[in-house]
Structures are given as structure tokens and as C-alpha cells.
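Order of writing sets the chain letters: A, B and C. Residues in each chain are counted from 1.
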Amino acid sequence: MRPSEQWASATPRYLADPVITVDNLSIDYMGETTTHAVRDVSFTLGRGEIFGLAGESGCGKSTLAYGITRLLKPPALITSGSATFHSREGFSIDMSQLRGEDLRAFRWDKISLVFQGAMNSLNPVINIQAQIEDIFTTHRPEMGKRARVLKCGDLLERVGVDRSRLRSFPHELSGGMRQRVMIAMAMALDPQVMIMDEPTTALDVVVQREILDEITRLRADLGFAVIFITHDLPLLLEISDRIAVMKAGQIVEMDTAYDLYTHPQNDYTKRLLASFPSLTGDRGDFIRTGVADLQLTETAQEATE
Amino acid sequence: MTTFNPLDEQGAPPVVVAAPRSSFTQLLPSASPKLVVGLSIAVLIILWAIIGPFVVGDPNAISTQEFLPPGSHGHLLGTTETGQDVWSQIAYGTRGSLIIGFVVGALATVLSGIFGILGAYIGGVLDEGFALFTNVVLVIPGLPLVIVIGNYIPVSQRGIFLIAVVLALTGWAGSARVLRAVTLSIRNRDYVAASRVSGERTWRILVIEILPNLIPVMASQFVFAIIFAILGEAGLSFLGLGASNTFTLGTILFQAYNDLALTQGAWWWFVPAGLVIALFGCALSLINFSIDEIINPKLRNSTRAVRRKWGLSAAQIRELEGENIK
Amino acid sequence: MRFYLQKLVFYVVALWAAVTLNFLIPRLMPGNPVDILIAKMGATGQPVTPQTRASLAIALGQGGSTNWFVQYGDYIVNLFHGNLGVSVTDFPASVTTVIAQALPWTIGLIGLSTLISFILGIGLGVLAGWRRGSWLDNLIPVTTMFQAVPYFWLALILVLLLTRLSHIFPFAGGYDVYGGLVPGLTPDFLGSVLYYGFLPALTIVLSSIGGWMLGMRNMMVSTLSEDYILTAEAKGLRPYRVRLTYAARNAVLPSFSGFAISLGFVVAGSIVTEEVFSYPGIGQLLWTAVSNDDYALMQGIFLVISVSVLLANLVVDLLYALIDPRTRARS
């Protein structure tokens, strides 16, 4: 039975065991004219689920993720709604109410992030070890120095980077390595959710494949949920359990990956799916589901006549 | 004493790269209170410098009424040790100082442009040579050099323009270094590469693609050079190396100091000259602030006043501020 | 390694330039310094013999061969022996001795004031950049305005206010000469030095702090929008760590490299400040040399100032390479 079918039976698992519930969340960018970046978005993230968030640039997917984790900067403001975190220990926290010290302690421990373009996501003037270590010195002060260094090395090796790279500086690492370091940092406190914002967009396809394999392997080992944000829908179709398609700040369709691929309901979803060229099928076939782009095939036919 | 625009790792200010052939108005500063105040004061002083000397009396006219305090009949700001009218002297002095300021500003900008922009764009050995030359000039201390040179020049030949040239020659290096860094970073951007590949001529690329992005930086440096020149001239004159037969704010200060104005309590001779320099410098600094905000839009004001303008409630503003300082 | 070599080469070239400049200036300028001096001595009624002329000529480096290249060679050799000629002001004391007496005062005053100004300015800049829109932002125009004020005018106003109108501080000197204090590492002497040095230091700090503060604050604002700051905040790090190790550490870099440039300006300002406060440093010495047409001393001072500034620049450059790990990779 396909995993997605497992989800579709009885009460969907994501509802039975949710880790994040987002309720009618709206985020605006204040200014001379107010921009409604996220409009009334609701969804539930199941424990251990890979949830894909797809959409074109500017549709609000990153804003949504930052809003949930309270990383928005002025002039962005959450205007309504809430995001609740359900810890595996049994308690729930309304993330929009967290303040100050509580917010700081919550961060990274329960939800961590992997940003896009690790080119600039690492502090250029301190070495890798320092950057991973300060997660521990802040959140796990009871750890001794030796235990910390050991753990840092372990984390690196887990993502496939040699332990000796601890003393390197970010500019001495390749793009792929830097992204792996980011993933290692994200895993440091054994979080329950990892939000990944275009983690592989800036990398070449071979490295992309390696990183994705790494992520799915780690998820299988450690059981964290993933919100995977990208504009690359085919990628999501491959790795996600469920996918939400966003357009202009709203979720226009949300379904299991398989169902979204085979039976897209919304026009926009259909257009998105139609925009990715197919490797198989007739020349000019732009849709993987086999439905040809009528306009294009007609033109091709005219040309051959 | 120098102000630094924020620089990236190559030492280049993060220039807001306008799309090629963008409108000129995008480059103009927004009318913030700082800019308005700065411009008004600066314009007032410039007008005073131009019109003043035609309106006031003869600054050289000595009289027997020494050390009169301000307000004494006919002398708005009092008199000097030789009974000269301070008010007239200030008028002529402002003109002299401003002339030096603008001449040096122009000269230094041209020089820094040549050594900074041209060298960086052409690249290769020329660039290395120019860069080395710039750095050496930068590192050799300017004022002592000027003092030593200045001392060899006979007093009669020390005119305003000579002072201006000397100041320009010692003041262009810092700007050249910054311009070089900016040009290098722009030169590596995609749209310049595209122009080159599509066969555009060098001078066209320079003028149309690169120069418009340099204008805010150069404007800021021009303003800064003026401040540097006026202060530098004041310093030189104070040391006795200033222009010999023209009034500048520096020479007035020199005279006042030498004639023991302060010990005699004649503060009105000494204070106004420095005050004019300070005011003009402040005005120019304010203008520079506004230019800074063009160069780096992140500096634009997002204070409470602006946020209130957006129609946010007090609670929302507090919320925004709370989010900012996490 | 290549980086250090490049730096060394640069500083050697700069040093050579300064030294050669020093050699060329008197020879390129109109008028013969020896003649000017003789005329002056004659005017004051001092006896001038052919021997005086000859020794003066040698002291001013005009003696010996008339071939410039040979003179240059002699000049360089003399430099290596620390022989900068003879001072006319303090005849027959050597220029080296005279300078050696004045140099420590200037290094102490300038060095300390610049450091204080730098540290304070950077610190305030970090605060101002972190808390945007706060009252600190309003402090910036004020301090920047202090920068537009001529050093010496500010100094003289301070002198007027704090030494003549209210006798809080002394208005001249490096230490209490009349109180019978002898230079030495005694608390009395050092205390006196600090007391006398306070006003000149204050002038320098006030005039330059604005620049550091503004530069640092602008850079902080830029840096705070970088991606790694977002990462640091997302990691739940404490605010002070984000502010210091992530933001300030990166934001201070351009100011640091700019510190070297500003040294030249500081030297310039100090010359005037020392004159105003009659502070027994190099600046005042230069002033005296200029007034007395003491060419040998003037050139000696110029050389010493150049070398000091170059040395300071070199130190700052090396420090910079230490705090920014990308520098070595870039060269």
C-alpha cells in the first residue's frame, strides 16, 4: 500500500497526531499600502510527515513559514489567526503568544529551519565548530566542552561531512557542504519539526539529489516532520506525503502527493503541473500526466504539414 | 574624522543598483526633515557668501575703535584689534572659504574618479598601478607634508587657488579607494558583462551602465570633500600657512588667535568664524545623511513617526517594535 | 603567506616613497635653505663665518657632492645611522634627540585619544544600529556635527570655558612643570600627565567620535539584514551574542580598515591641538620648526610622522587579517 493511501484511510494520521496546527493565519506587510502576504491560511502538519509547500515566487510561502516561527521582521505583522505547536511530550503551545526568553528557548529546540542559499546563512568570521557549538552553549548549558565538540563532530558526520571540517570557515567550504552544515545545525537539538526553505535551489542537480537523500534518510531515522518549501513541484511530488499549493497568499489546493498529481482539482494547480516539461511522451508534451498541451501540439502539427 | 559608508567585504558600499536606464528621480533623495534643514542652511550660507561681500562694508578698513563688542553702532559683530568690522570680514571670509571648498571638492572628485573608476574599469596592470599609487598617497600623512611644502613657498605666492590645489592633491586618495571598490563590484555584475559581450563600446558602458550607479557615492564624496577642504584650509591658515592676501574663515581665526582675541575677551572676533564653518559643515553632513539613505535604502527612517503614518494602532506599533528586538 | 608578502612589499614601497619625498622637497623648492638661514642669522646679528655656512650646509644635507644621486646615497646612509641632521632651533642638539623627547608625548596623547574615540564610537554605533528608531539615532547627527567643527576652534572654545573662565583644567603644558615634578614613572607625575592631557584628549575624542559612530551604525544596519543574522536569531541565541559575535564582529570590519586611513587625519588634527594647548609633542615641535625655518627639524619630523603612520597602518592591516579569515584567502 502506498504511504499516501495509508494517510487517506479513516481519520487521516495528520489529524490524529498533529505537530503544528495553523488556524486562519493572516500576515500583512505594513506600509503606505498594506500588502496581504498571507491570507487566512489553515493547515495541519502531522507528526513525522513531509509536507510540501509549493508556489511561484512571491506567493507567500516563505512569509508563512517565518510567520509560524515568529521570525518576521517589520514591516511584516501577523494580523490574525494562530499557530499552535503540539509537542510529543503532550503539551501544546500557541506560538504567536511566545515572548522574550520563552520564545528564545523554544526556538531551534522544537522547530528548526534550513534556509535557502547557505552562501550567506553562515557567519563568515567564525568557524563551523563555533557556530554549531553555540547552539549547545545556549540551549544545553549542562553539556561539557568535550561532549559538545564530540556532538558537533557527530552531527557533521551524520550529514556526510568529515569531522576535520569543524575548524574550517564557511568560505572554505563548497555550496553543497555548507548546506549540509546547515542541516547538521538544524538537527542539533533533535527538533520535532524542520522547516526547509528552498534548501536545494542554489545547488547543482547532483548535489541536490545527495542532499534530498540525506534529508529523507535522516527523517526516517529521527522521525521529525518537515515543511519543505520550494517552487519545484516535481521535487515535492517525489518526496512529500502531502502538498499544499499556494497562490497570492492563499492555499488553493492541499492533498496527498499522489492525488494532487493524478487528480488536480484547482486550475492553478493544473497550470503548475503543466509547466514542467516531460522527459517522456511526444515532443512538446508538457504534462507528465499525459494530457498534451493542445496549443503546442497543434502548432507542431501545422509545422509538419 | 572620516565617515564611512557601509562597505561589503571588498570594501564597496552596497550600492542600490538601479536598473539600467532608470529614471533620474529614483536617484534623488526623499524630502526628509534632515535633508530640508541641511539644504536650507547650506543654501543660506552659499547665498550669503555670494551676495554678502557686495552688501557689507570694507573688511580691511581699520579704525581707532578696537575691540568693540557686537552691537556697537555700525558694527554688527564688533571690531577687531585694528578696528576692522568683523561682520564684513565674515562675509568675505565665507566667500573665500566656500570657493576653496568647492574648488577642492571638484578637483578631488575628478582626481579620485580618474584613479578610482577608470583604473578599476580598465583593469590589469593599470589598475594595479593606480591602486598602489592611491594606497601610497593615502598612507603618507597629508598635513605634515603640506606644512613642509607650504613653508618653502614664499608668502607672496600663497593664494587661494594654490591652497585649493594643495588640499585637493592631499585629499583625493580616500575617495579613490572607495570608488575603485564600488566600480570593481559593479563591473562584475551581470548586466555589465552582458553589455560587454554584446559588443558595447567601453566608454558607452562606463557612461550608461556604470556611472549612474556611482553618482550617489560620488555625490556623498563631493560633499565630504568640501567639508574636508574647508576644515583643512582653516587648519592650514591657523598654522600660518594660509592664503596671504584673501579673507577666508581660516585666516580670520588665525588673525584672531595671533592678536590674542581670547585673552582680551574679544570672543566675537573668534567665535563667529568657527561657527560659520561648523554650521556649514553640519548642513553638509545632513545632506550627506540623505545621500547615505539613497545609497543604502536599509537606512531609511522606519521610526515611530513613520509607522504612525501607516495608520497602525499603538498596540500594533508596540507589537512591531517587540518583534524587532527579539 | 602570499598575503603577508604583498603587505610587506607595499609598506616597503610606501616607506621608500616617504623617504624619497623627504629628500626631494627641499631640493625642488625655490630658494636655498642655507641662504635663507644665513640671512636670518645675519638679521639677528649672529656672527656668520664660512665655517658656519659649511657646517649648516652639511647639516641641511647640502654639503658634499652636488650630484643628487650621490646626495641621495649619503642621505639613505645617514638615515640608517639615525642621523637626521642638526636642529637650528635647539642648536646644536641633533634632530634625533629633539624628536625623541617630544615623540612619547604625542604617541601617548594621540594613541590613547584615538583608541578611546574608536572604542566609544564603535560601541555607541553598535547600540544605535541595534535599536533603530531609538533616541540613540538622534545622537548621531549631533556627534557628526561635532566632526564638522574645526579641531582648534573647539579646542579654543574649551580652553576659554574650562581654563580661563572657570579654572578647572590647566591650559598649557604636558605636566605641572612649575610644581617641581620630575618626569618619571611616579604616580604624581603620571597623575599630572593625565590631568594636563585631559583637555587635548577631550578635543580629539569629541571631534572624531562622530565618524566612528556613524560608520558603525550604518554598517550594523546593513549587517542586521544579512541571512546569517536571521539564522542566529532562528537558532534561539541570546540577543547579546547575536549582537556581538554575529552582527558587530562583521560590521566592525570596514571601520577597522578605515582606522588606518583616519590615522593620517588624526595626526593632522593633533598638530593643531598640540599648538593650542602648548602640549610638548611632535605637533608643537613641527609648529616651532616652521616658525624658525628649521628645515632639518621639519623634514625629520615629517619622516618620523610618516614612519609612525606607516607602522600603525601595518599593525592594523595585520590585525585585520587576523579578525577576518577571508582576507588571506582573497589575496
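The rule is short, and it goes like this: a residue touches a chain if its C-beta (ideal position, glycine included) is under 8 Å from a C-beta of that chain, and two chains touch if they have at least 3 such contacts.
Small disclaimer: the values here were computed from a predicted structure and weren't measured.
Visitor: Name the most central chain, where centre means the mean of Cα atoms.
Guide: Looking at where each chain's C-alpha mean falls, the closest to the middle is B.
Visitor: Going by the contact definition up top, give me the pair of chains with the most C-beta pairs touching.
Guide: Chains B-C share more contact pairs than any other pair.
Visitor: Centroid from C-alpha atoms only, then distance chain A to chain C, rounded to Å. What do you get?
Guide: Using C-alpha averages as centres, the distance is 55 Å.
Visitor: What's the distance between the Cα centroids of chain B and chain C, rounded to whole Å?
Guide: The separation of the two C-alpha centroids amounts to 22 Å.
Visitor: Measuring centre to centre with CA averages, how many angstrom lie between chain A and chain B?
Guide: 50
Visitor: Considering chain A alone, which of its residues make contact with at least two other chains?
Guide: 103-104, 124
Visitor: Residues of chain C touching 2+ other chains?
Guide: Chain C, residues with two or more chain partners: 233, 253, 324, 326.
Visitor: Multi-chain contacts only, two chains or more: what residues does chain B have there?
Guide: In chain B, residues 9, 302, 321, 324, 326 touch at least two other chains, as defined above.
Visitor: In their shared complex, at which residues does chain A touch chain C?
Guide: 69, 71, 103-109, 112-113, 115, 117, 119-127, 134-135, 138-139, 169, 171-172, 182, 185
Visitor: Using the touch rule from the top, collect the residues of chain C that touch chain B in their complex.
Guide: Residue list for chain C touching chain B: 10, 13-14, 17-18, 21, 25-26, 29-31, 130-133, 137, 141, 144-145, 147-154, 156-157, 159-160, 164, 207-208, 210-211, 214-215, 218-219, 221-223, 225, 233, 239, 251, 253-255, 257-258, 260-269, 271-272, 275, 286-287, 290-291, 293, 298-299, 301-302, 305-306, 309-310, 313, 324, 326.
Visitor: What does chain C use to touch chain A in their complex?
Guide: Per the stated touch rule, the residues are 226-228, 230-238, 241, 245-246, 249-250, 253, 323-326, 329.
Visitor: Can you check the complex and tell me which residues of chain B touch chain C?
Guide: Result: residues 1-7, 9, 11, 14, 34, 132, 135-136, 138-145, 147-149, 151-154, 174, 177, 227, 231-232, 234-235, 238-241, 253, 257, 262-263, 267, 270-271, 273-274, 277-278, 280-282, 284-286, 289, 292, 296, 298-299, 301-304, 321, 324-326 of chain B touch chain C.
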